[in-house]
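Two complexes follow with subunit A in common, the first pairing it with subunit B and the second with subunit C.
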Partner chain A sequence: MRRAFLRRLLGAALTVLGVLAINYFLFRVMPGDPVAMLVRNPKMTAEALARTRASLGLDRPWHEQFRSYLAGLARADLGSSFIFKRPVLAVIGERLLPTLLLTLVAEALAIAGGMLVGIVSAWKRGTKADVLGLGFTLLAYSMPTFWLGILLVALFAGRLGLFPVSGMLSPGLAFAPLAQRLGDVLTHLALPSITLALVLMGEYALIMRNAMIEVLTEDYIVTARAKGLSERGILRRHALPNAMIPMTTLIAMSLGFAITGALQVETVFSWPGLGRLMYEALKGRDYPLLQGIFLVTSVCVVGANFAADILYRYIDPRVRD
Partner chain B sequence: MALLEIRDLRVSFACGPAGGGRGRGAGAAEGRARAVDGASLSVEAGEVLGLVGESGCGKTTTALSILRLLPPGGRVDSGSIRFEGRDGTVRDLLAMGEAELRAFRWKEASVVFQGSMNALNPVQRVGDQIVEAIELHEEVEREEAVRRVKRLFERVGIEGSRAKEYPHEFSGGMRQRAMIAMALALGPRLVIGDEPTTALDVMVQAQIFRLIAELRSELGLSMILITHDLSVLGEVCDRVAVMYAGTVVESGSLGQVLEAPEHPYTRRLAASFPRPGGERRLPESIPGEPPDLRRPEPGCPFAPRCGDAREECRETRPAPRELGGGHLVSCLGGRRG
Partner chain C sequence: MGRDEPGTGAFALFRRSRLGMAGLGLVLAFAATALVGPALAPYEPLDFGTAAEVLRPPSREHLLGTDDMGRDVAAALVAGSRTSLLVGLSATLISMALGSAVGIAAGWRGGLADSILMRLTDVFLVLPWMPLMLVLAALLGSSLWNIVLVIGLTGWAGTARLVRAQVLAIKERQFIERARATGASGARIVLRHLLPNVFPLIFANTILVTAVSVLSETTLSFLGMGDSTRPSWGMMLHFAFESGAATSGALWFVLPPGLCVLGLVLGFTLMGYAFDEILNPKLRRRG
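Up next, the complex of A and B:
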């Protein structure tokens, strides 16, 4: 058990290192010159351009640049953002919380809703409840995220005026009492998190439904019924624990991607999160910032897989040794 | 009365249109296959009844109907299943309500399923699955239930400490023993064994049958033992019921049915099993195939394959006829000279 844990941890670390190297060179073969993006002044002299280039360290050979990048990483220094002119870590840090708030709330809603729809659909398969629940989630699932977001804004923010259109905090509330700020953030959170939840829900509902339908045909369900368990008891004690095995993988994988998965929603709702930051960094050819975001993403994805691996041992005794 | 009495049971399953869409729909209930078609049998208290017949003849369906465990699409169309409870009251199991049914299951009649591989929940400890059954029907402390599971395990030949393990840590034979322990947990009046030794090797089969025989004399169990293997019958059964195409064609004591079979199907079935020490020959098969359950014929279901069938056999369904000593046969043909 302990050795398996260490082996997986080592594997995860190596994966992150590999991703790191690929990301580094990927951005440098992309077309577009960061200095040109930064300066935007066609009359700038060649010396001035060279000076800017040198100040960013872009004049040195690629292997030297890579080495100093790795050396920086070892000191937890991700370099300085070209466009924000501040340490990458600080820029990412202040965007991390809003993103986590948005995606975690959305994921929680999606997982709860998706599982509920999936369970009911499987239990009542072929009935109206099944068709209705499945139809609704499939519809939301196949809708483009930005389109669904715009629709919700138009209806609930525009026409009904129930929620703010965009942003995370109303202007002028930056120094308001905590309770007031919290309430304001929640009203801003409603639409983007619901949009994201609706989009994510379909996948959970489908996988949950399939897993349940498969489990419900197993012999041990008949055994449970023969023992005199109620339908609810069968569901809770025998069907669900088995159906949760494939669901756990899906949940862990989605959570890994959640940190940047909200790019479209964050852009539509001007939510100050990592997804939008990535979009800005890409537009500005901000290599250090992009690398930083990708590093965070990779660590999250690899970490989520690692967590799923470990969690698996608790929900499925068959993989324990 | 007997402990269990099944009278004229009819069970059907939803399936595609009869005749594969060839448009001969007028016969059976449309789109339903008659898996059990007028089966009658009884089990006396303390008796082991062997239920034999080929695959698809309705053995398992008949047995599952007792606990009302038919899979989706299955339905009891008519008949009665009467069961004598501990207190001597007789109930029709087919008329029981949901709550009454749940209280009846496992407490009065339990099942040892076939291919126990999947009959146990893979993510729950084996012991907990038995504790669950006990706690469901009796007001006991958890510790007491756990102690009982340990005793049950030891009785069926598994170390009590292994109750904490999961099904995949057990061998096939151990899983079957655990399943038997689970079936006995509440001291039911009837245990249904649905091919309890299928998929086990011969040595383990023998061990399981020895265990069943021991438990049976120890606890005075009544059992229905479903099998398609005639050689199994002699080991534990008192009486035998032979099923063919959804009906019981012959029943009686072990000697009556196996040594002096009266129904042409039973005769062919008995002849198809080689006897150790007998002459060396290939077993005879029965020409033809079982009838299409989607289109029941009015006559004897075995008539198309029967060498002695008369015109009458194809038109009238034979009723069970008593030959004396509890030997019942459903055949119009007289005793052949």
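Up next, the complex of A and C:
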């Protein structure tokens, strides 16, 4: 157990190092070299260019540059944002909480909904309910997330006027009592989180269905049935706990997918999180900010995968060594 | 290929799958539109209309109405099918070539090469790929071929894992031993014996990767990272969103491009799903 843990930790650390290397080379070696952007300025003399290169350390060999980049990271220095004129980490920090709130609520809804659809589909395999579940799954999988968001806005916020169109808090409520602000945030959260949940749900439903079908053919289910256990009892006591095992890994593995969805949903709903920030950074070609967001999201995903791996070993005794 | 190879008879089985055939029909319809549609459309997709022609609802002159700059929506839709298919298929080709090369190299060589290549694959598997694509597109500049490159370079990891597993399974089979015993070179064994046997299982994967590539292109274009000289469904939705057409009720501008994306991606997904059920014995219906 301990050795496996250390091996996984080493693996995660190597992956983070890989992310850092990719991040570094993307921004220094590719056309985004900060000096390459200055070259377009005709007033820059060759001498001034060389001086800029030296001041940025770009004339030193790459491994030295990489080392100083890592040293900067160790001091939590991600550079300064072009558009906000503030440290990248501070800008990202402000946007982390809204993204976490949106993603967690959407994940919770998606897991609950996906499990329900998956269990019913597997239990009623081959019936109309199963076909309906599969149809929903395939549709959710094939639909662009941002388009679903636009449609929901047009219908529920535009036409029916049930929910606010965008943002996280109505203007003028910044100093309102806590309960009122909380309620306001919830009405703003409803549409974005439902959009994201619907898109995530498809895959969860499919995996839950397949896992349940596999579990339901196991010998211990036949035994439980022979013992005279009720169908409901079999489902709750025997089938569900075992079918949950592949679900836990999937939830962690699909975090990259969730982030991709959150990015689109936040853009459509002007939700003030990391996704919306990334959209703003892209529009303003704010390279340091882009680099920072990419780094932070990658490290979050690697961390979540590592946690899921450990949790998996804890839940399923069969994979313990 | 011998008679007992997993690919044999797959197409006969596929023809019996109603979902799969429906998917094939959808894809072929879009392919036909992409091939002959632009020649038939009466409007140029990028020609701006006069001020009076901006955001007009569907009429006899403009079957699906016009967009926020007076361009014909139907003409843009038809041109968009060409962009989506071109980008989707080309990016998939890159992903498949890269994924197969890495998977075969790792599985065939084993040892240190395998460890290094699989570590790299894992990095690409867990990376949040949409931010990575956006960052790459922003740095490279968003011409059509750069978008193809960006999608292709980020989408190969799943294929590499799949191919490696298949190579490991086939490597130990007898006909490889026999080929080795006759003195065939490593390259010859890989090309003549290994590759044809790996192919059927990555076939379903290829179709599913195409679905993802089409979705990625649409999302990149929607976020403003597409090639602005080529009309695409994602770009139409970008303008629909930025101009506020969606909330102002100009649904003819919002629904058709999204439905096209949905149709094409669903087509590929249904086909991939059907092939997966045929080629992957684990998913075959038991009893």
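In this text, the second predicted complex is superposed on the first by the 271 of 321 C-alpha atoms of A that agree within 3 Å, B and C clash if a C-alpha of one lies under 4 Å from a C-alpha of the other, contacts with A are read in each partner's own complex, and residues count from 1 in each chain.
Basically, a contact is a pair of C-beta atoms (placed from the backbone, for glycine too) under 8 Å apart; a residue touches a chain by one contact, two chains touch by 3 or more.
Values in this document were obtained by computation on a predicted structure and should not be read as measured data.
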item	value
Subunit B versus subunit C as contact partner of A:G93, first or second or both or neither	neither
Partner chain(s) touched by A:I315 [first = subunit B, second = subunit C, both, neither]	first
Which superposed partner A:G183 touches (first subunit B, second subunit C, both, neither)	neither
Subunit B versus subunit C as contact partner of A:L14, first or second or both or neither	second
Which of subunit B and subunit C A:E218 touches, first, second, both or neither	first
First (subunit B), second (subunit C), both or neither touched by A:N242	first
Subunit A residues touched by each partner, larger count belonging to subunit B or subunit C	C
Contact residues common to both interfaces of subunit A (with subunit B and with subunit C)	none
Subunit B-facing residues of subunit A, complex	218-220, 222-230, 233, 237-238, 241-242, 245, 315-318
Subunit A-touching residues of subunit C, taken from the complex the two chains share	119-120, 122-123, 126-132, 134-136, 138-141, 211, 215, 218-219, 222-225, 234, 237, 240-241, 246-249, 251, 254-255, 258, 261-262, 265-266, 269-270, 273, 283, 286
Parts of subunit A lying in touch with subunit C, wherever the complex brings them together	11, 14-15, 18-19, 22, 26-27, 30-32, 138-139, 141-147, 150-151, 153-154, 157-159, 165, 210, 217, 253, 255-256, 259-260, 263-264, 267-268, 278-279, 282-283, 285, 287, 290-291, 293-294, 297-298, 301-302, 305
In the complex with subunit A, residue positions of subunit B that touch it	67, 69, 71, 102-107, 110-111, 113, 115, 117-124, 129, 132-133, 136-137, 166, 168
